[in-house]
Amino acid sequence: SNNFFLLAGPCAIEGEEMAMRIAERVVEITNKLEIPYVFKGSFKKANRSRIDSFTGIGDEKALKILKKVSETFEVPTVTDIHEVTDAAMAAEYVDILQIPAFLVRQTDLVVAAAQTGKTVNLKKGQFMSPESMQHAAKKVYDSGNEQAMITDRGTMFGYQDMIVDFRGIPTMKQYAPVVLDVTHSLQQPNQSSGVTGGRPDMIETIARAGVVTGVDGLFMETHFDPANAKSDGANMLHLDHLEKLLSNLVAIRKTVNSL
Amino acid sequence: SNNFFLLAGPCAIEGEEMAMRIAERVVEITNKLEIPYVFKGSFKKANRSRIDSFTGIGDEKALKILKKVSETFEVPTVTDIHEVTDAAMAAEYVDILQIPAFLVRQTDLVVAAAQTGKTVNLKKGQFMSPESMQHAAKKVYDSGNEQAMITDRGTMFGYQDMIVDFRGIPTMKQYAPVVLDVTHSLQQPNQSSGVTGGRPDMIETIARAGVVTGVDGLFMETHFDPANAKSDGANMLHLDHLEKLLSNLVAIRKTVNSL
Amino acid sequence: SNNFFLLAGPCAIEGEEMAMRIAERVVEITNKLEIPYVFKGSFKKANRSRIDSFTGIGDEKALKILKKVSETFEVPTVTDIHEVTDAAMAAEYVDILQIPAFLVRQTDLVVAAAQTGKTVNLKKGQFMSPESMQHAAKKVYDSGNEQAMITDRGTMFGYQDMIVDFRGIPTMKQYAPVVLDVTHSLQQPNQSSGVTGGRPDMIETIARAGVVTGVDGLFMETHFDPANAKSDGANMLHLDHLEKLLSNLVAIRKTVNSL
Amino acid sequence: SNNFFLLAGPCAIEGEEMAMRIAERVVEITNKLEIPYVFKGSFKKANRSRIDSFTGIGDEKALKILKKVSETFEVPTVTDIHEVTDAAMAAEYVDILQIPAFLVRQTDLVVAAAQTGKTVNLKKGQFMSPESMQHAAKKVYDSGNEQAMITDRGTMFGYQDMIVDFRGIPTMKQYAPVVLDVTHSLQQPNQSSGVTGGRPDMIETIARAGVVTGVDGLFMETHFDPANAKSDGANMLHLDHLEKLLSNLVAIRKTVNSL
């Protein structure tokens, strides 16, 4: 259908019930709108600002839930890895391995992900230029894996804010399919509380701009109860708003496809 | 028609012939596409990086050309002013007085423009947040003039680059109609040559993102021979590319209007 | 004595008494410490964020107070100008004409200041690179005036913060004597209140770094009652802290001179 | 002697001979100047921009060279770790484990380093505020290890430049002893070549500003032949310039101590 694809789900796998509930609803919406869908969930939160933040329910347990979501709803899944040894482990359960933005310069990790043969989703470092992502993609290709994707999740702007540089979308499409992460792009890091803030009211603004500038896919975290989610509550989209948002974006994509 | 409006023309009024030639072509295109059009031209370039840069053909002479364009093609015009005394002078010739980005914090200048009764187009300083433009708009309103517009022309990102923060579009629409200046937003200032660079290949990317995030108008500099223009040649859109660009943007606007 | 020189005084001339009181105390301290001193005061605040901010007591009145300070204490004076017509007017009363950071790209203003024959203090735009200040200095020199100075007052870092880039001190010394404005460098602009914030606790940190990296002069705003000053209260140094601060800086300068 | 301490050495351990040669010279200089010295060398370069960059001579081999330097010259050593499993391994050979800037948000890595009981040197992420480093330090303390250090290596400023924010020095001293990394702070990342650039001419400028604003230690990479070094040649200080630099810095430190 030449639509954009969607990577979406909760920030962290908090348990089976919540994962299945979110997946079921997103599958329903994306089927209706003919959007290719990949379920997203972190099996572990490894880079939280504070030591007392929630980090996960157990690696194996969370990965099995991802597998169950995949089998139940017949959708591929994506999760992020943080150490070389995570690559082979996670590859047994999911279809796409994601390299977090802070870690995208770690050659060993990128190569380990690439060597599993799974698609590698490289998040652009908040401190990297769009152009510099070509070197990250090349690390995947030079490992004999042609399946790289690049996800933009915003660029640092001062200490406590991020901006999406939309010039980066066409630039990075020269290196790999490009995804825009519309929820993390709106984070406001380095808050005095040690808990990252956000601007979820701007999700549609940023998502529209991504679609119109040619992204191949969108990434967003969504939850039926963001305020009580165990991580990133300040940024996730409420699941109830997802259908209207995607419906608007599909209409824009159709127009863009026709130009 | 609920279309966006367009402020467009050459960077500087270099002479009558070039102004008329550009106006004629833009009028033709915007009539066809039902885009409300305002002819733009600077009567003076007052803030060039280098002392040996072109600054104008004479204030009065250039302003008269703006008037002639207006009368010939029945379009309103806009020009930028730099000192308090420019306000009343320019107001005799044009319909919209524009406050340059570097000068938008100069209260006397904003008030002088407002007091002419003309519409005042406030360019967001490259060093200002979208939220802080409410104070600039308030200076116009408190002078008894309800006709303010805000134009975003990008925000400094490091010394030699600018980014458009599209979160600013809905934010600034709370204060006044918002215009996106798609050519200056792509400038790359502080180059070692003392001549500002640009990324004209990104004009459509930035313009599309502006339309889809809700701008009321677009601003762009265009010329039939950018490479030989006397200022800002690195940023202007070639006039031959204008129709296709605007046609795409109108299609996107129609979709956005329908959501 | 090969010491640094000092430009200091209140942000705005609020009246004769306060100006004389501040000048008297600073003269006393700088005589003791053998620091060449220039009294600083704005005759008008032309670029306040909000229209309801204090802008001055009257141009002529304030300029006469500057003249009186100069004659009483036998010190030169500096004030900032905002329009071309200010240049000749202010030049009758003061020794150094200062171009505000927002206005330093306005060629007419810089040239008008240069043509008075007075020393021209060019504030580096918060949006300018150190290297680009060579073009501003050249505008002074090409006007037949060899007396340019460059003052760094910080560089925008995100929307609401500024950083001093100390690499800029040796860089700009290639073009003209360099001054570090230690109070404005610590401003935090674009606050939601419309009133610029500050970090006066960091004045000595920034001032020391300036001295040790080779500044020719320091600029600071000081007041005997910053909290009740009519502008920039968030940034000014309390006059009671000036002697200890300068005494430390002189000690550092002596060491630097000996290396 | 209340002097600053120094972490210095080559970027990467390229072999035993070069390590010993550098250590010998730095020991000689620091003994003379009474500067407590820690030999620095990376056993592996894990986060190079390009996949074809040099990454090391073998982990074990490089770590043994660090041990030999330590035993030969009776100096402590520091090296950086990149994965949890590196922590225990490196702790057998060195005295200080360093967490690279890109990895300082990885809780597992910081905790693993802390649990070895070795001192943990936390590099401030180029994307982090000084204030946010308190959370990184707390991860060390909450792991039962009181020996944390924080090293500033600059903050992203646009895509291709970094700035040192000296306000961060006194801020971070509230959380742990603070070191300024004067060579990496001058990097210019994201260059189109995929090789990070630098400004080694600014090393003394930045180092002086660090000493005068109160750093506890300095970090610098030095080599007898930077142009032919296998990594970071653009930033390292030539070993021949080290004595004069440190001698100047010690003089400044003595003055600061006396204030």
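First chain written, first letter: the chains are A, B, C and D, and each begins at residue 1.
The rule is short, and it goes like this: a contact is a pair of C-beta atoms (placed from the backbone, for glycine too) under 8 Å apart; a residue touches a chain by one contact, two chains touch by 3 or more.
Because the structure is a prediction, the values reported are computed rather than measured.
Q: Quick one: compare the interface residues of chain A with those of chain D and tell me same or different, with half as the dividing line.
A: Same, since over half the interface numbering is common to both chains.
Q: Tally the contacting C-beta pairs at the C-D interface and at the A-C interface, and name the larger one.
A: Taking the two pairs in turn, the one with more contacts turns out to be C-D.
Q: Can you work out the whole-Å distance between the CA centroids of chain A and chain C?
A: Chain centroid spacing, chain A to chain C, equals 48 Å.
Q: Counting only Cα atoms for the centres, state how far chain A is from chain D in Å.
A: For chain A versus chain D, the centre distance works out to 33 Å.
Q: Just give me the whole-number Å value for how far the CA centre of chain C lies from that of chain D.
A: 37
Q: Name the residues of chain D that each touch 2 or more other chains.
A: In chain D, residues 155, 157, 159-160 touch at least two other chains, as defined above.
Q: Which residues of chain D touch chain B once you look at their complex with the stated criterion?
A: 157-161
Q: With touch defined as at the start, can you tell me which chain C residues reach chain B in the complex?
A: 46-51, 53, 55, 82-85, 102-103, 105-108, 111, 125-129, 131-132, 134-135, 138-139, 142, 155-156, 159-160, 189-190, 192, 194
Q: Residues of chain A touching chain B in their complex?
A: Answer in residue numbers: 155, 157, 163-167, 169-170, 186, 199, 202, 205-206, 208-209, 211-214, 248, 251-252, 254-256, 258-259.
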